[in-house]
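Two complexes, one shared chain (chain A), two partners (chain B, chain C).
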Partner chain A sequence: MAKHETPLLDQLESGPWPSFVTDLKRQAEKKPECWDILGQVELSYKDRITHWKHGGIVGVFGYGGGIVGRYSDVPKQFPGVEHFHTVRVAQPASKYYSTKHLRHLMEIWEKHGSGMTNFHGSTGDIILLGTRTEHLEPLFWDLTHDLNQDLGGSGSNLRTPANCLGQSRCEWSCYDTEECCHQLTIKYQDEIHRPAFPYKFKFKFSGCPNDCVAAIARSDVAVIGTWKDNIRIDQAAVKEYIAGNYPSNGGAHSGRDWGKFDIQKEVVDLCPTKCMWMEGGELKIDDKECTRCMHCINVMPRALRPGVDTGATVCVGAKAPILDGAQFATLIVPFMKISADNEFEELIEFIEKIWDWWMEVGKNRERVGETMQRVGLPTFLSIMGVDPIPQHVKEPRSNPYVFWKDEEVPGGFERDVEEFRRRHAA
Partner chain B sequence: MPTLEHNGSTFQVDEDGFLLKGMEEWNDNWVDYVKSSEGISELTDEHTKVIDALQEYYKKNGIAPMVRILSKTTGFPLKRIYELFPSGPGKGACKMAGLPKPTGCV
Partner chain C sequence: MGYNPDKPMDGRISDLGPPYYEQFHPPVIKENKGKWLWHEILKPGILMHKSETGAEVYTVRCGTARLMSIEHVREICDIADKHCDGFLRFTTRNNVEFMVDDKAKVQPLLDDLASRGNKFPVGGTGAGITNIVHTQGWVHCHTPATDASGVVKAVMDELFDYFTSMTLPAQCRIALACCLNMCGAVHASDIAILGVHRKPPMIDHSRITGVCELPLAIASCPLGAVKPAKATVEGKEIKTVQVNVDRCMFCGNCYTMCPAMPLADPEGDGIAILVGGKVSNSRSMPKFSKLVIPFLPNTTPRWPETVAAIKKILEAYAKGAKKYERLGEWAERIGWEKFFEECEIPFTDKSIDDYRLAYDTWRTSTQFKYTSHTAKYTA
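Moving on, here comes the complex of A and B:
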């Protein structure tokens, strides 16, 4: 595999941001098939169209997913990418690594594949980019036997779960997102590796409403940490902020002069429910009216902390636009205890109740968010055994097309028109 | 596209080894051929039951059945289907039955 002329891609080697073209060229010195990656991408830049064929079904025995098959539509020109399958490898919670482990993984990957990777895919997996079909089983053997690492998910199944780094290095995390993500990933290996669902299904775990894994937008079940009691206030630290001794937002806005910190303007007046005020030099919060938006805590991390009665809000149904339009997850359980002490029992029961129902009624390629839309939120809640509460809606319905059940209406739905006509002659 | 020969039958397949002309070219030799590439040592009545179910559903509906419908019609839980077809119902059973290649976000 020879070098190709890549005048268009070469332009992407200038500028300050790390250049993927430079990286590819460096890897090509070791793995010549990378020249063909560059060649085909250059051709796509010129033709303005992809040169990968449609689809591709490859895999390893025992699993129905984990590997995304890909073939070049110009294999004669670029034999190095004739097969260019992508392997999804399960990542550790929060993506903490040792160099030893990464080196070992890269040794395996350079032995069986192109050496090119994506760290990481949007769902969280380690992505190994580009190998041939005949390498898949040997690669899988080495991954599992030498590295003790498994594939991630693809297809109509539970995809690889992901979490924010949680209590490992964040003072706001309201539950152990890493433990929860890890435990549930282990528990649901079968659902990850062998597609059994109407469509894909994702979990994501965030420690607080800042939602650093974007669970609310990118998972079918979003578990977002929160607390039930009061925000913990350190009044002495509040004074330090006011005095300008502590930088607001941990110094996040230090790149520009925004003037002296003004607690009234930057915290009290920006509170969405206006439940804060200053009184005698002390910051007061009416916690009953607080929606736990995180703003005040984000601005003054050294003075304000989440409460101690912590758990998570569970939202369901986020998805990208196809087919019925994009959706964020909608709140189903305002507060759930999330604890390794009971092996995440409540959350597991919740998830399995969704699956039991969705696997039965979900149409082919229908995300759970669409199934919810189709049957309606009230039906979904009753299936889940959740009592409707005002927190389930942003606002009540404005149309009057209200369904009632037979048993909710005195006399039911069975009526005799003859009887009606005795009082109202036609 | 590659053409391959097995026991005197010729088949046109795509790069993933799915029959390009589907059930039109499908016969016992195809089943015998796929058996070797999909990790199946011996073909049993249970394999045949899955293949028949897939073909029947496809002829009637023009699509492959969802996994749980396949489980329901054959009475085999997913675990059993993977025991029969190590590559799973898509890559294993559908290929052997001569159904078109599964598509979408796989």
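Moving on, here comes the complex of A and C:
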């Protein structure tokens, strides 16, 4: 594979941000197929359109997901990328690695692939970018036998779950996100590898309502840590903030002079429920009015912490816009204990109840959030055995079109029109 | 020993899942999991977490291109071997984090990173810009309406100072998805860069019979614009589809289902800018991003129109918003009419929703602000 002229891409080598073009060129010295990646991308820059063909079904025996088939539409020009399949590799929870493990993975990929990767794909997998069909089985063999690592999900199945780093390096995480993510990932290997769903299904695990893994925006089941007792306050540390001895927001604003820290303006007044006030130099919180938004805790991490009676709020049905428009996940269970002690039993029961229903009624390529829209939230709640509560809605409905059921109205829907007419002439 | 193509099922291992995460925790992380008390961003890109045991972990966060080579990953490993006992992690926004357990180890690590050219920019923390979450674009995807890596590189070059500083009113999350499928889930970002198509699909009648389940292609259209039709191919009448172009919203879902309906086009395709989304529940509830610029062209290799538009929005936000206010919170406080004015973005009918549930976004009130948009009524 020859080097190609890349005058357009070369212009992406300058500037302070890391350049993927420079990196590709560096790799091409050892992996000449990278010259063809550069060549084809350069052609796309010239033509202003992609040069990858639509689809291509490839995979490893026994799995229906994990590999995304890809072929060049200009293979004669760029034979090195004639096949350019993606391999999704299941990432360890929280995305920590040992260099020993990463180096081993790179050795395997050097043997079987293009030399290019993504750390990571949007869903969370390690993406190995570009290999030929005949390499897929040997690559899978080496991954599983030598590295004890598996493929992730693609297609209409459970996608590789992902989590924020949780208690491993964050003081706010209300449950062990990485343990939960790992255990559920292991439990549902079959659902990840063998598509049996109407469409994709995602879990994501965030430790607190800051939601660093964007669970509420993109997962069918979003498990977001919360607490049900009181915010822990260290009044001595509150005083340090007021005195300006601790930086606000963990130092996040230190690049600009925002003036002296003003606890009234920056914390109390910005509380969405106005459940805080200053009294005798102490910060008071009426916790029963608190909606646990995290703002005050974010601003004063050395003074305030989430409570100790912790669990998660479980929301269902988020998705990107295709097709009916974007949806956030809707609150279904306000508080659930999330504990390895009972092997996440409650959460598992909840998830499987959704699947049992959705696999039966979900239409082809319908995300569970769309199925919920189609049947209505009251129906979904009833299927889930969840009693409706005001927390399920932002506000009550403003139209009067209630779908009353036969059994909810005295005497039911069956009536005798002749008997009606005897009393009411037409 | 290795894979034997003659006996593919012999010795096969499957359903292992990912390796257990704990073996990859640096010692200081393993020992202090669940014991962290508080954290502080010491400088842009440098975090310190304090444990109740008294232990401290110092994290140095570096941007990456996400699209990275084996050689680059090995260089990351070299750094982690030299400074971090052979451990590292990646963030959900494609940054790489190097962790050390002693403040004295931070500066040698920073010096090492700085010695490697522009490969490891330190930053992406606090009230600034962090790495742009993005998709594949022209380097790998078959449905994109724009590139991903090149646009990200061009935007990050321009906004680089915001990556290495913390001068904004709050964090500003930028994301890019190269088509409406939004593999990057950009719909809740402060600034979303979204690849969009503007020409309806072409129908490749000569291929449709072989590659397409017609009922699936027809059902794939959310607006019922794809209808059954007949066409003549090499003298023979075949069953195919036609597209009612007046109804097409250019989502590309039909092409996903049917490879004989390509819609990408150099002139038709480009970028839309959506702003004001957020994921966090902090203060206000999560918000969707709103479409403020319907189209910018794919001007390769550096997308100057897109870069300039984003910079303008970011600078107006930096100037106008209060401390802690996310971009969407600022726009809502001042009113969207003011947002368009402050950012000098022409308002067009394209920003008025006419899809489903559109009415929720129409203003059913007499409350508004007088801006340049109302001048012809007030003159």
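Simple rule for what comes next: the second predicted complex is superposed on the first by the 426 of 426 C-alpha atoms of A that agree within 3 Å, B and C clash if a C-alpha of one lies under 4 Å from a C-alpha of the other, contacts with A are read in each partner's own complex, and residues count from 1 in each chain.
As a convention for this text, a contact is a pair of C-beta atoms (placed from the backbone, for glycine too) under 8 Å apart; a residue touches a chain by one contact, two chains touch by 3 or more.
Keep in mind the model is a prediction, meaning the values are calculated, not measured.
Judged by the number of chain A residues each one touches, C leads among chain B and chain C.
Shared-chain residue A:30: touches chain C; no touch with chain B.
Residue contacts after overlaying the shared chain place A:55 against chain B and chain C alike. Contacts of A:153 after superposition on the shared chain: neither chain B nor chain C is touched.
Residue contacts after overlaying the shared chain place A:64 against chain B, while chain C stays out of touching range. Contact with chain B, but none with chain C, is seen for A:196 once the two complexes are overlaid on the shared chain. When both complexes are overlaid on chain A, the residue A:182 reaches chain C alone and has no touch with chain B.
By the document's definition of touching, of the two partners only chain C reaches A:100; chain B does not. In the superposed model, A:364 makes contact with both chain B and chain C.
Residues 53-55, 61-63, 364-365 of chain A lie at the contact with chain B in one complex and at the contact with chain C in the other. On the side of chain A, the complex with chain B involves touching residues 53-59, 61-65, 68-69, 71, 83, 154-156, 194-198, 200, 359-360, 364-365. Chain B makes touch with chain A in their complex at residues 15-16, 18, 39, 63, 66-68, 78, 82, 86-91, 95, 101-106.
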